[in-house]
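Please read through the structure below; I'll follow up with questions.
Here the chain labels run A, B, C and D in written order, and each chain numbers its own residues starting at 1.
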Amino acid sequence: MTQQKPKIAFFDFASCEGCQLTVIDSLQTNLELLNAVEIVNFREAMSEKGQDYQIAFIEGSCSRKSDEARLQAIREQADIVVALGACAHLGGVNAVRNRQPLEDVRTYVYGNKADWYETYPARPISQVITVDATIPGCPIDRDEFIASVKMLLQGRIPKLPETPLCVECKLLENQCVYTMGKVCLGPIVRAGCKAICPSFGDGCEGCRGLVSEPNMESLKQVMAEHGMADQDISHKLDLFLTYQMMNLENEEPK
Amino acid sequence: MTLLKDKIVSSSLYVPVQATIRDIRALTPLEKVFSLTLPDGMLLNHEPGQFVELSVFGVGEAPISITSSPSRSNGFFELCVRNAGDMTGVLHQMKPGDVVGVRGPFGRPFPMNRFLGKDLIFAIGGLGLAPARSVINQVLDERGKYGKVIILYGARTPGDLLFTDELEEWDRRSDVELHLTVDRPAEGWDGNVGVITTLFSHVQVYARNTVAITLGPPVMYRFVLMELLGKGVPEGNIWFSFERRMKCGVGKCGHCQIHHLYTCKDGPTFSFAEIKHLEGAL
Amino acid sequence: MGFRVMPKSAFPGWVEQMLQTYRVVGPRKIRDRYMFDEVNSPGDLDLTYSTTVLPPKKVLLPQHEELLSFDLESGKMEAAIDTQPTVLLGVHTCDLHAIRLLDAVFEDGYADQHYIARRQNVLLVSLECLSPCTEKSFCKSMGTLSVTEGYDLHLTDLGDSYAIDIGSERGQALLELTENAQPATDADYSRLNQTLSDKWPRFPYRLESDITELANLLAVSYDSDLWEELGEKCLGCGSCTIVCPTCYCFNVIDEVDFSLNAGSRIRQWDGCTLSQFAVVAGGHNFRSTNQERQRHRFFRKGKYQMEAYGLVGCVGCGRCAEACLVDINPVDTFNELSRRRIPMTRRHKEVLP
Amino acid sequence: MTGTTLTPDIAIDVHHITRVEGHGNIVVDVEKGELKRCELQIVEAPRFFEAMLRGRPYGQASHLTSRICGICAVGHATTSLRATETALGVELSEQTILLRKLNFYGEILDSHILHVYMLVAPDFLGVGSVIPLATSAPDVVLRALRMKKLSGDICAVIAGRHTHPIAMTVGGFTHFPTMEKLEQLRERLEAVRADVDETVALFQTLQIPDFERETEHIALHKPDEYAFIDGVIKSTDSGEWPLDRYLEVTNEYMVPHSTAKRARNQREAYAVGAMARVNVNYDLLHPKAKEAAVALGLKPVCHNPYMISVAQVVEIVHAIEDSIVLTDALLKRGVEWEEPAPPARLSGEGVGSCEVPRGILFHHYKIEDGLIVGANGVIPTTQNLQNAEEDMRALVPTILDRSQEEITLALEMLVRAYDPCISCSTHLLDVRFE
């Protein structure tokens, strides 16, 4: 299966660029990546800005009307568009503000200069263009990124893992953080990060998104039994999952 | 003369042998027939109804029925594969000369000697023709040993019909009764339109002496079964081949379990009598 | 074969001896939990452990296990068979029963060479349980509170010494690594008997029916309303099946290097309580709801495994009950089914309409 | 083309400066040799972090704010924690302080190595990125990756990962490294000294452009250590301010061509970052770092912004050496699992400040009954932007004899030298305490 090196490009929208940084970090143990693909556009790390690419990795949420055209242009050029990280996949933390009235958010931050800066409710890029594959996480997991690139090279489309985080956590024999008086979204969140938060003593915050059949009601009940008030539960769910939660609740951004 | 099965039993159940693709034939945009040869003259030695675990190295493995019949094994065997996901997707991009992995043959074959002298009615839907073809050609190669042969075959559209050359061949034979149907007709289709069960009104069977072999998507089975039971075909004479998710093919991985049975080793062929008390099997 | 007695003070020395030739795996305390883990010195071991997060099956069937490696360039293909000599030390009796079931599964029909190679190179040193390890264990109800076979050596804590039953010649040889195991005296026999009879009442029966009835109970409970209730509560998190010593379902995936031509095939644990476990190409899911998956799980534990291998599918270790956040557990499930037992006549409707 | 023609009209428009974090443009208009327009535009989408913090439990603040920036994630998290801890009267244990410092060095190293090797070095080596260097100078790239891996692993061992650390929480940690892990780090830190020496040697060979503009430099200061976490605000001009008077220093304002705010103190602009730290705290550098500074010709007070990268190299030396000191201290005293120190109260107001890789960072929270009701943050790049623009303004007239490409490169290198972290700088955390 020898083929031409595919040309790949990285783009970013509203994000912290931590996922692209993780891509750079993945080279520490996978320098062969540079032989397997040709990176033609990666503003964070290189000056060349090639416009001829087959695979586009996009980090960040779409949070401005004017970003849509840039997204569409990428979609037109790329054969495969990959959403990179929670912001692109889920709206990420950017969507936290979608629960608040937009005008209020803008004036809270910019005061009377609010209209200098364009914005609208943050959204996953899949709300703007068709996305072929997603590498979830905040930030993405290096190994998953590398595995996904290999799949793309093989002509496959990586799929989001359906297994809940609990499985990964148990396989590592972590102590369940619920037994430490904390709460965790592990039962309803996609595995693949090596359960890194519970492994480091903190409950999962859901950065990899909900599994496709989450039992929300039952988990809310569990959290309530662990001493969380309704408001605490919403804060927990509304860090990375705000966009998905609002969808589940059929709630429009304000 | 080594058998593939001896090889895996002696080393590892999970290590495939490297088979070479000698020929690829596209039947439809989604289905291709891959003709494979084993290395060093190794023999597959399968029986109708069995499957192999086919792998594309680095991608994955999946159970695939052997579509060629044992009576026609000339140093190669055939698999008819639908592009349905990861492994099959990459397989569809491969070329003759490429190497794939094969383990098997696995599964309980159809009990052909219990079918001897019986009238055979095949009720086949879609990709079910792949395993059915192995039985049918075996029967046709030993035609004298069986009674009537009736083949009912349904596909979604005329373009989805598989092995159309062989269908024509069977249709031409006077000792085979072939009825086709499609869910959605296309230009030029003058055959039956409707689900497979609509074909039953076209055929006459001597129920007590009939063996029915039903192969197709899970949804089809209940309806075909009602027809067959309605015609009085004995429960023990109604045979299916089941599809379940499988990862090992040898009764370990648990995916294909139906109650206490493993589809991969206790099946995939089952008679209705064997599974009728198992809730959820059908 | 009788038993020997070893003063506890000699135990670390014996373990040191083992470490010369074997990988030794035993219960270790890591923060607030116990894990079976490789032991580097006798001090790492904690034989007073309650229960471990994962059962010792992980030594025989690792969570993530290479089955084979391949290199298409050279045409090389190799089975990864692990034959490292290992002592699995301190296995509770319920887990020993579970290993017997695993043996049956992996030896049945086509024998799984990977499991068997490990199994043949593992010496099992089991440990008599003297008090319930957790509130959720129910080994006594499942008949797994004692063992008479299946071990190479079996330890019973006699206070200042261990009684060591010898179950095999390999076990005998392992014991001979130390000179401090003496033949038992009459006093030792009575001490052992006393210890065993004292322990029995400490364990409660938690199941309201006898295990021999479980299969029948389940047979009439397929349509019980309880499954729907469990299905509503179940998070589908899969923890119960992952931590179970008698679960062995697995998935197989390929890993490749950047050449795309070389890599390995990996077996990793899977579980029937996970939503995608029974999905086939085309998207049909043979058990599409938590309700069906929970039913399948409990049927496997109480009925199917018995029918397929003649061994009980649940050994009462209680790990799944510990792991479940919504408190779904075998004891309550089986007891509730028993209370709601559906009369045979009502159940005897046709499978098909 | 070499710069022989004197171009009276120059229009430079660098859309999305590369090899920086975030989206920025450089726009320069020269008409008839006269500089008409010189802007560093920040066009990153605004992200509204302080609005998102409103009403959140204080425990989430460090996890949310670490998402401001993937490169300074530890810095934001640490600063956020310090703000919360000050507000709620949390007293940290010695162990927590040691672990936090070591973790912090992981990020300083990671960011500086990324910047000097992958973002800045290509300019000096005449390539567009680090990628061609992988073939032309593999030893340099491998060294950078090796050093970067160690930096990341320091954070991974202590807090789970560098980008968005996990185990850091208000009052302490939720996970602790084992002695084995610390010993491994200790060994690797020692081994990496050779790479550090090579790094210094490499920078000795680079031709740093000669350009100076007198600048006010501001950094955190502590009497007894080269400050990264806590301290007082100190200026090279004159003056010291306690943290809670940071607003008197930063004086933020907005300009329409940029979604990021700007700051000024005693002049039209001031600078923060590695150079400011070296200028303010030179005497407190580890002796080996001072040696490196001498070797690299960096003397306080230095006013050449292109020397910022050199200051970063000096800090790499310092961070490695001090990490060894910290690791030794941890190994000596041992690491115990300890519960995070509890808050003394659930309402209060506090400022936290750290010297993150790009300079002084402030988080300021007001908390009521455990919920954040007001938040403000001032980010290093915000503070540097105006200064970078002033530098551009000073630089352009001196290089008008060069070709357009050369001018563009000089400007890009100048902006890059500041290592701007543009996504951070767009948070415009506004002071709005009701």
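Following the convention adopted for this analysis, contacts are C-beta pairs under 8 Å (C-beta built on N, C-alpha and C of every residue); 3 or more make two chains touch, one makes a residue touch a chain.
None of the values given here were measured: they were computed from a predicted structure.
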item: Central chain (by mean CA position); value: A
item: Top-ranked pair of chains - ranking by C-beta pairs in contact; value: A-D
item: Computed distance of Cα centres, subunit D from subunit B, in Å; value: 65
item: Subunit A-subunit C separation of Cα centroids, rounded to whole Å; value: 37
item: Distance from subunit D to subunit C - Cα centre to Cα centre, in angstrom; value: 52
item: Of all residues in subunit D, the ones touching two or more other chains; value: none
item: Residues of subunit A engaged with two or more neighbouring chains; value: 154
item: Subunit C residues counted as touching two or more neighbouring chains; value: 31, 255-256, 260-261
item: Complete list of chain pairs which touch one another; value: A-B, A-C, A-D, B-C
item: Subunit A - residues contacting subunit B, complex; value: 154-156
item: Residues of subunit A touching subunit D in the complex; value: 12-22, 24-25, 27-29, 31, 34, 39, 42-49, 60, 63-64, 67, 92-94, 96-97, 100, 104-106, 108-111, 113, 116-117, 119, 138-139, 196-197, 199-202, 205, 232, 235, 239
item: Contact footprint of subunit A on subunit C as seen in their complex; value: 31-33, 35, 52-54, 63-64, 232-239, 242-243, 255-258, 260-261, 268-269, 271, 274-276, 290, 323, 325-326
item: Complex contacts: residues of subunit B adjacent to subunit C; value: 8-9, 11-16, 18, 55, 57-62, 82, 84-85, 88, 99, 217-219, 222, 225-226, 243-245, 247-248, 250-255, 257, 259-261, 265, 276-282
item: List of subunit A residues in touch with subunit C within their complex; value: 1, 30, 32-33, 35-36, 147, 150, 153-154, 162-164, 166-167, 170-171, 173-176, 178-180, 186-188, 211-213, 215, 218-219, 221-222
